[in-house]
Structures are given as structure tokens and as C-alpha cells.
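Presented sequentially are two complexes of subunit A, the first with subunit B as partner and the second with subunit C.
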Partner chain A sequence: MQWTLQYKETWLHRLNPSFKLVFILALFLLLLFVHNPNFISNVTVVPFILVMFATGHRKKILAILMIPFLLLFFSSASSMMFFGQGTTTWWKWGIVHMTEESFFRGLHIGFRALNFALLGLLFALTTRPVFLFYSLIQQLKVPPRFAYSFMAAVRILPVMMEEFHQLRAALLIRGIKKKKGFARIMQSVSLYAVPLLSQSIRRAHRIAVAMEAKQFNNKERTYYYKQTLSRVDVYFLIYITIGFSLAYWVGTTFPYFDLTDVRN
Partner chain B sequence: MKRLKLSDILITIVIALVFGIIYKLWGPVYNIFKPFGLHIGDVIYGMWFIAGTVAVLLLRKPGVALLAETAAASGEFLVGSEYGLSVLLYGVVQGLGTELMFALFGYKRYTAFVAALGGIAAAVGSIVMDAAYGYVMDLALWKLLLLIGARLIGGFLLAGLLAYFLVEALEKTGVTSLIRPASDEDYKALDQ
Partner chain C sequence: MKVGVSNLRVKYAGADTLLFNRLSLEIKEGEKVLFLGPSGCGKSTLLQILSGLIPHAVPVPMKADAKSIPTSSGVVFQDPDSQFCMPYVDEEMAFVLENRAVPQPEMEGLIRHYLEKVGLTFKDPHIEIGSLSQGMKQRLAIASMLALEPDVIFLDEPTALLDSAGTSDVWKTIKLMNAKQTMIIVEHKIDEVIDFVDRIVLFDSEGMMIADADPISVFSFYKHKMKEYGIWYPGVWDEHAKEKKLPAPYVKGKEILEINQLKGYRGKIPKIEVQHKTAHEGEWIVLTGKNGAGKTSFLLSLMNVMKTSGKKRVMNKELKTIKASREQLAFVFQNPEFQFVTNSVYDELAYSLEMMEDIGVEQKVHQWLENYDLKQVRTLHPYQLSTGQKRRLSVGTAMFGAQPILLLDEPTFGQDARNTFKLLALFEQLRENGMLILMVTHDEMIVRNYGTREWVIEEGKLTVDRDLRRREERQHHAVDFTV
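And now, the complex of A and B:
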């Protein structure tokens, strides 16, 4: 999420964070019930346009952020493409059995993963975490204990990074040798995980005690930031609705693939 | 039931965020293993369930496993997971799996055995999600069985045994005395 990157604020930043979160999660659930590859490949364009042109970030950074998406697309798709069940064989080589059905199913999964990744990136690039947590308390009535714990915990992370570097330097000076294979995992648990976790548990406990000493509780509270719903939320809703309808219409009127349900 | 105090929540979320970062780093590792077809990658998938078991073994209260796994997933998302918000859905379902196992034992037993069951239950949760998301049930049968087997073994080894080992190591540092509720044995010790 947005901690340091330089960006221009756009209308997507002014969306209500809770609305954005709930709406995108609802889209996820909707996409889980989409089985038409024509529809899902068209739909990918909808979040892509927003990410490219409406997040206010530089194109170069956006391109770098999207490189892992390619790997994700192929790794999600390939397993089903090469090993899925199906009757119309295209290619068989050893254990690899590529059929028409499995190919399209794989493609479908790839596009689905791409959609999820783009929507996730859209959310991450345009949401300020502090506003998100305030909005969760104000709009979705999340108990302040949970939201403030999150905000405090996020602030501890940089301290832990520093501790990690210190620890590594200390181990280097003392000439600790790295073990190999399975022993390496156990070694890193006892050398890194245990000290880092125990220190952060102590720190978290101290912070909780301090917060309670300053009368942090679940009663009525006032907020520095007020989060509300606004017109832009409606724009977002309209954009997605039109985009998805258009994608569906194009997908059913001018299909690229004969298939309409990849499950068969 | 023992209610979660502020310190419980804060500690759970801090631990979870640490695992969230590990989860994020785990993504590329898994993606490299995945396309080779034989599901070696799915054994290391078990790492993605570890936050729930570690947190509940440490804090020993209801709700902790679900909170930890959900928070770890959101942590993974916060630092920019390539899986996007879908990790949140996976996190909730996996956390529910672990939570259910500890609930079955009435939140009274925190042994390696229950931890291993918790890890396996989280793996089952992830397979349920995969069936909806990635149609894994339509894979060739031998491959589906390999995937399920590897996933369960991963849950057992990493989210179960490794988590238990990690918590045991943490107990030796003495931090657990800060966070665990007083047990019956503690009260019995006072009587003598």
C-alpha cells in the first residue's frame, strides 16, 4: 500500500476505503462464479484501464509492478493446461496431456488470477492505510481495538527490519556458518525467528499496556479523520457496472472461443 | 470463554504481520516450483498456514487462529502480494480451518498433535478455495491426488510441526509468561 511512492492524487484516492474494499471483495466473489472465458478475458480490460490511467502513478512504476503478473498468469494457467482432464486431445507427451477443455480452463484461470491481481493492485495503489482503518471503524463498525492494533503493528515493522539487519550483522561478526538443506531452516528459526518474534511480542505487550494506561477503550471516541461516502463512490460503481456489462455483451455477441462454460 | 484483551489482539496482529511478510516472500518461491507439474511446490504451500497455529499455540485463546491468519493475509496484501486481495479470502478460510481444530478440543489441548491437525485443516481450507478458484477438481486424477497429498503434508509439516517447534523455542525465552492466561496448574501451585 501507499507508504512512500510519489503519486498524483486522483478520484480513486477519494473513494471511501471501506466501500472500495467491500466492493472489490464482492467483485471477487462474482468472478468466482464466472465460467465463460469470453467474458472474463474482456473483463480484464476494466481494471487494467483504471490501474494504467487513473491511479496517478508513473507508468514506469506501474510496469515494474505488473511484471510478476506475467509469471502469475503462466503459473496459474500452465498446470491446468498441461494436466487437466478433457476428451479432445491436442497434444500428449509422457505425463503431459493437453486437451481442448483443459487448455481453455487453464486460460480462464490465468485471466481470473490476472483480474484478482489487477483489482488488488488498484486497491493497494489508491488506498492510504490510515484512512482505511479509520473508515473500517466508522463505516463498518469494526471495534477500535482491532483497527488501532493494526495501525500500531504496522508501525512496529520498520523497527523489526532494523533489528533484523542488526541481528544479521551480529551473526556475521561472530562468524556463524550457514548450514545446508533442512538444517538451514531449523538454524534460521533459532537464529532469526525466535529473537525477532520474542522481541516484537514484548514490544507489542508494552504498547498495549501503554495504550490501556492512557485509557484506550471501546467507549465513544472522536476522530481526527472523518471518512464518508461521496459522489466518487457512485462514479466507481457506475464505471464497473458499465464495464462489466459491456464486457459481457461483447463476450456473448462476438465470442473469441466457442466455449461458454469452462467446467464442461 | 476467555475474551481477547487489547494486548492479545495487538500481539496476535504483530506476529501475523511478521508472517505476512514471510508469506509475501514465499510467493515467488512457490511460483517457481509450481509449473513443473509434480507438486513439490505444494509441500512448501504449508508455510502459508503457519501464522494461525503459531498464534493460537502462543496465546491459547479462542478466535486467535482466525484473527492471525486473516491479519497475516492482509499483511501479505499490504506489502503488495501479486495474488491481490484474493489472499484475504484464502486467509479467512484457512484460519477457520485451524480455528475449528482447536475448537474441537475445546481450546484445552495445545499439543503437537492438535497443532498438526490444525495445519492439516488449514490445508483443507485452501483446497476448498482452490476448487472454487482454480477448478482443481478438474485436474487429472493422479495430479489431483498428488496436489491434495502434498498440500496436506505441507500443512502437517510446516503449519503443524514447524509451528509447534517455533513456539516451543519461544517458550524458552520466557515471553509466553507475559501473554498466556493463568492456567489451572498455576492456581494449583498457589494452593500448596
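And now, the complex of A and C:
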């Protein structure tokens, strides 16, 4: 069965994975300290353009992947809007209390969540796990035994999915006395988790022995893929810097909202 | 180069007795040695000790007066899906080269070199391992083992999980290797290796060495022992067929299964298509064809587990739901563990009866425990059983009712001779009592000795319907019906 997505390789795939990881984590931190809704709403455009036009994935798949993120935007925004505190009441109904302050705060939180999601998606869609682990070893000095174990684990996932399908078919054929309520949840956990886990534990053990048999060790090793920093990393840095600066300039020069700090 | 141990003693956690008690063995350079023995006799353990994996990678308490372990050994294991840690062929090969600290610029050439040695020639070796056939995966495992440039090669049942085409490909590859290469082999498919090995070491079920000689001597003097232990040996099928007077007489009963324009889908893609077929009581239909041709999909469509179109009738009753199918068709899955839902053998057999609110559960279950030879393990958890017992239990759990049709998905796969014959005898008895059996198998001997009819499935279509009993009458050319 086909488990990997088809895509065209773009310049984003050629970024150094460790650089990409650290840089995106830094952007997450930066976004936590942004309190101006004008700025953050503009900033969203920056990762959005990259996700839509530079990840090399098909538009249809991207659109599907966007659905949960839009939900995330609305749910985090609305919960803040309806139940936040503030002085200028717009609307009150039962426990729902919407104020001007809470509205903007909600919008702000929504955009922040959307930014996190887009940056995360950008990373996930353009990074092959194998390159990430090679880069973690080479740039961030992660010990090879951890990195290779993770790569082996990634390989087990599709096998587990296949086993899940077989198990489901087997249980359907066998027929199950369905329990009710909470017991039903416990029942499915034990019906699915026990066989799948026992298979996976045995498989993991066998892979570990096979890796040792191939003389995997902690000694000096060479690397098939060399991960280095390159020009594209600089392009990425420039793009983000210009994008964020532009967003800030537009946000402060032509604000859509009077509010410039949602904390007040 | 010499491999060997003297006075070896091994103990597994929880076991009361030693697995090997003062075992001594010496293997000379260039020898090709086959370890034979009943399942659980410790031959794989010994192989792992000699290769140095025990106790280095797998901690098992062991002692030996002297050990000589090769400085570099290459091991091939049995499961094609748990030998690799990388997703692509070239990356997996590179993993071995990285371990050996081969400089990066040399890697690409070496990867091609070793892949060619096992007959895997790709235009670009950057291919997903998941897209290879099981036989190709095993050849890749051999290639990556060769990349270690090992002094001694260890093969731990390399073809146990392969179909016949994959098996012969793998052995062809192994036989192409350097004639001076020292090899230690555990393998059940004896016919493949008999003319290749120089020496056979035979173990009994306690791990005692009972024979150590050239193949001809071992097979002529210890055949009775092999039979007792359920080891496959050349000619075992002929003896079995003679003993049971196979193929057994067959009387065509009344028609019970009718299939019309059946299609089974995975998503929107049809995986199996059968135009029109009928089958009768007392028939044993073997379903053959390559891996992935749609044999299992065919059985799953009959069970309504896959989305289907068209009609399937059992005794003029149409099967529209899983429940309706379950009442007419007993299904034995490829992996028996997936069918177990309770914590003991007894409960497992009683489960479906209780679900139908049957009375006299206890009596029936006791009868079954007797029939399937599971009485002494009735309180154990199903996972604790041996592979043969697991298989028999899964047959038992499938046949809870009085279903007239039995569907089997490679039930004898990877079983030793004794378990295989025990299962086949069980199925044969059911068939004689009028059950219709549909069995997916790759085993040519089962097709020849037990099948009454063969359905060949190719690329998702049933293409050949062959009357096997008429083939026995040597009407080779008149047997295939039109489909």
C-alpha cells in the first residue's frame, strides 16, 4: 500500500533540517511575544505563501490538510472571544460574555495558533525523516544510536497500519460481544492494543538484533548523506526576515484595529 | 577460520533445565553446515551463539569452556519485514557501509556491487524497501550482509516466510556465492539445501546432538528420528501420501456455493473479480497464484469484510452481511494471534457459542479440546501456545457452528511436518463429512495430494478452474474448464 505522499522536490526540501527545526522553534518563541493583532494577522501570510506555493505538494492535499488548522483557528479564537473578560460589553447571553477586548484577544490567539500550525506543516511537509536524523547527528551532535533507532521506528509505522487492517478484519469475522459505555472503550483497547503491541515489541526486538548483526556500534562512522548549510538556508532566512519586517511595517503603518496590545 | 564451542551450557530465564548441556561443536573453514531439529530445540539459539549475537546483542546466560567466534559474521534472519532500519534500498546498504566506516565517495559503487551480487539490479537503488516483494527483501538482506565482508555466513531460516518462487530465488542467490565461504544454516525447506550442504547436525527436542555427519548418512540412518520430530526431509510427502492413501476418494455432493459476478473492492479499486462459479459439498478447492494476486481478497469478499458487488449464495441463501457470512463460512486467518479475543484456550473456544447463547457449551468445548488436541493447555493464554497449537486453536474458534464451508488462508505456512500433517488430517476428515474447503496455499504438495480442484487467481481475476482428480487420470490437456 502507498503510505508516502507524492511531491515535487522544491528549494524548501533542500534546507538543512536542523537549521529549519531550530529556526522554526525560534519563530514559535518570537510569536509568543507578539501582542499586536495587526502584526500577527499580517504575519500569517508569510508561512501561508510558502505552504501553498513552495512545498511541492498537490493543492488538493494541501487543502485537506488545512481543514483541521482552520478548525483550530476558529475553536481557539471563539473560546477566547465568548468567555474572556473585558469592560466594553458587545453581547451577553447566559454564561457567554463577549466584549471588545475578548474579541480581539480571541482573534489574536486564533492567528497565533494558525501561525504555529502553518509553520509546523511547512516543516513536516518538506522534511524527510532520514535527512532530519542525519542532520541531527551531524549538526546538533545527537548520538547516532538514538537517531538510527528513531529511523527504524519510522519504518515500523506502515507495517503497523497494515497489521491494524488485518486485525480489524479478523475481529469483524470473529464477531465481538460489544460491551456498553466505558467498558466498551476498555474492550476495544485490549482487543486492539494487546495484539498490536505484542507484535511491535517482538518486531522491535528483531530489528534491534538485526542492526547489531550489521555491526551497528558507537565507534567512528561515516555518513552516506552529508547535511550542510547552504545558500537556500540563507534565502529562507532572508525571506522570513523580510516577510516579518514587512508584516510589522504594514501592521503599524496601516492598522486594521485600534488595539495595538491585546493585553490591555 | 574455525567456528566452535566446547562444553556449551545455556539457560533461558524461567526454564528449569539447561538448553544445551555440555555441547561441543567445531566447524572447519569452508564447510557448509545445516542444523536440523524439531522446533524449540535451540538450533537458532546455537546459531546466534556461534555468530556472537548471544550474549553480545541478546543477553542469554551461557557458559562454555572455549569459544571461537568469527571476527566478522553476517547473519540473515527469517522475517523480511524486521531486518531493515532504513526506508530505502540504498540507505539500508549504506547503513552497513557506514558501520564499517567506509568513506562516503566509495559508497555508491559498493552499493551497486553488492546488489548485483544478489541479482538485484535497479536503475537507481533509491527504491522504497516497502515496494519490494518478500523474496527481493530477503535478497536485499543477503546483500547487506555481504557488505560486511563476513568470514562466516549465518542463515537463520531465510525462506521461512517466503512463497515458493521467493524461496528458490533466495537459494539460487546463496548458491552463487563463493564456494569456499563458510556457512551455517538453519532451514526447514530441506529440498532446497540438501545438495548444497556438506554436513548436517541433527538435534533432539532437548537440544542434544544426535547426529553429525554428511547428508546421505544422516538421511539414511536417522529418518525415523526426523519423522518423530516432524522435520521435513526429502520424500516425506511420498511416505505420507502412501500411508494415508492419498489422494482420497471423493464423492461430489450437492451444490452449496454459488458465486455470480462477484467483485471485491479496496477503496474504489476492484481487487478481485469472479464471473460465475459453483462448488459442492466434499470438494477441497485450492486457491493458488502469486503473492498479491487477490487470493486473500477473494476470501475476504466472501466474508463481506471488503466492499463487494455481485452475488454469493450458500444453500440458496444470499450472504449480504458479515453476520450472515459468519453463520455459513468458517474463516481461519493467516495470523492466528489476530483472531484471539479472550485470555484462555477454553474461553476462546466457548466465546462464539456464548455469543449465540448456545446451551451445552461445556460439553461441546470439551469435545473440541479433545478433537484439536488442546486439552492439556486449556487454561493457558492463547499467546503462550506453540505455533502448531495456536493454529489448531484458530481453526477451532472459526468452526463454532455447523458451517458447511471452511475458508483457510495458508494455514500450514511455516509449520513443521508433524503439525502440517496433523492439520491436513483434520481438514480431510471435515471434507469427508461433507464440508466444502476453500484453501489458499503455495504448497504444491498439498495441491497435488489433497486438492480436488484448483482455482488459479492472477492479477485479481479467477483465470483457471482445474479438476485435479481428473489430472490424476493423466488427462493433462482436458482438465481446464473454460472460465
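Note that in this section the second predicted complex is superposed on the first by the 260 of 264 C-alpha atoms of A that agree within 3 Å, B and C clash if a C-alpha of one lies under 4 Å from a C-alpha of the other, contacts with A are read in each partner's own complex, and residues count from 1 in each chain.
The rule we apply is simple: a residue touches a chain if its C-beta (ideal position, glycine included) is under 8 Å from a C-beta of that chain, and two chains touch if they have at least 3 such contacts.
Remember, it's a predicted structure, so these values are computed and weren't measured experimentally.
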First (subunit B), second (subunit C), both or neither touched by A:S75: first
A:A152 touches, of subunit B and subunit C: first, second, both or neither? both
First (subunit B), second (subunit C), both or neither touched by A:A124: first
Subunit B versus subunit C as contact partner of A:E212, first or second or both or neither: both
Contacts of A:T222 with subunit B and subunit C, given as first, second, both or neither: second
Most subunit A residues touched (candidates subunit B, subunit C): B
Set intersection of subunit A contacts, subunit C complex versus subunit B complex: 152, 154, 195, 198, 203, 207-209, 211-212, 216
List of subunit C residues in touch with subunit A within their complex: 51, 53, 56-58, 72-75, 77, 79, 81-88, 90-91, 94-104, 107, 128-130, 144-145, 148, 300, 303, 305, 322-323, 325-326, 331, 333-335, 337-341, 351-352, 354-355, 383, 397
Complex contact set, residues of subunit B against subunit A: 4-7, 9-18, 21, 27-28, 31, 34-35, 37, 58, 67, 71, 74, 77-78, 80-86, 88-89, 132-135, 138-141, 143, 162, 165-166, 169-170, 173, 175, 178-179
In the complex, subunit A residues that touch subunit C: 3-4, 130, 148, 151-152, 154-155, 158-159, 163, 166-167, 169-177, 191, 195, 198-199, 203, 206-217, 219-224, 226
Residues of subunit A that touch subunit B when the two form their complex: 1, 21, 24-25, 28, 32, 65, 68-69, 71-72, 74-76, 78-80, 82-85, 95-97, 102, 105, 108-109, 112-113, 116-121, 123-124, 129, 145-146, 149-150, 152-154, 156-157, 160, 185-186, 189-190, 193-198, 200-205, 207-209, 211-212, 216, 262-263
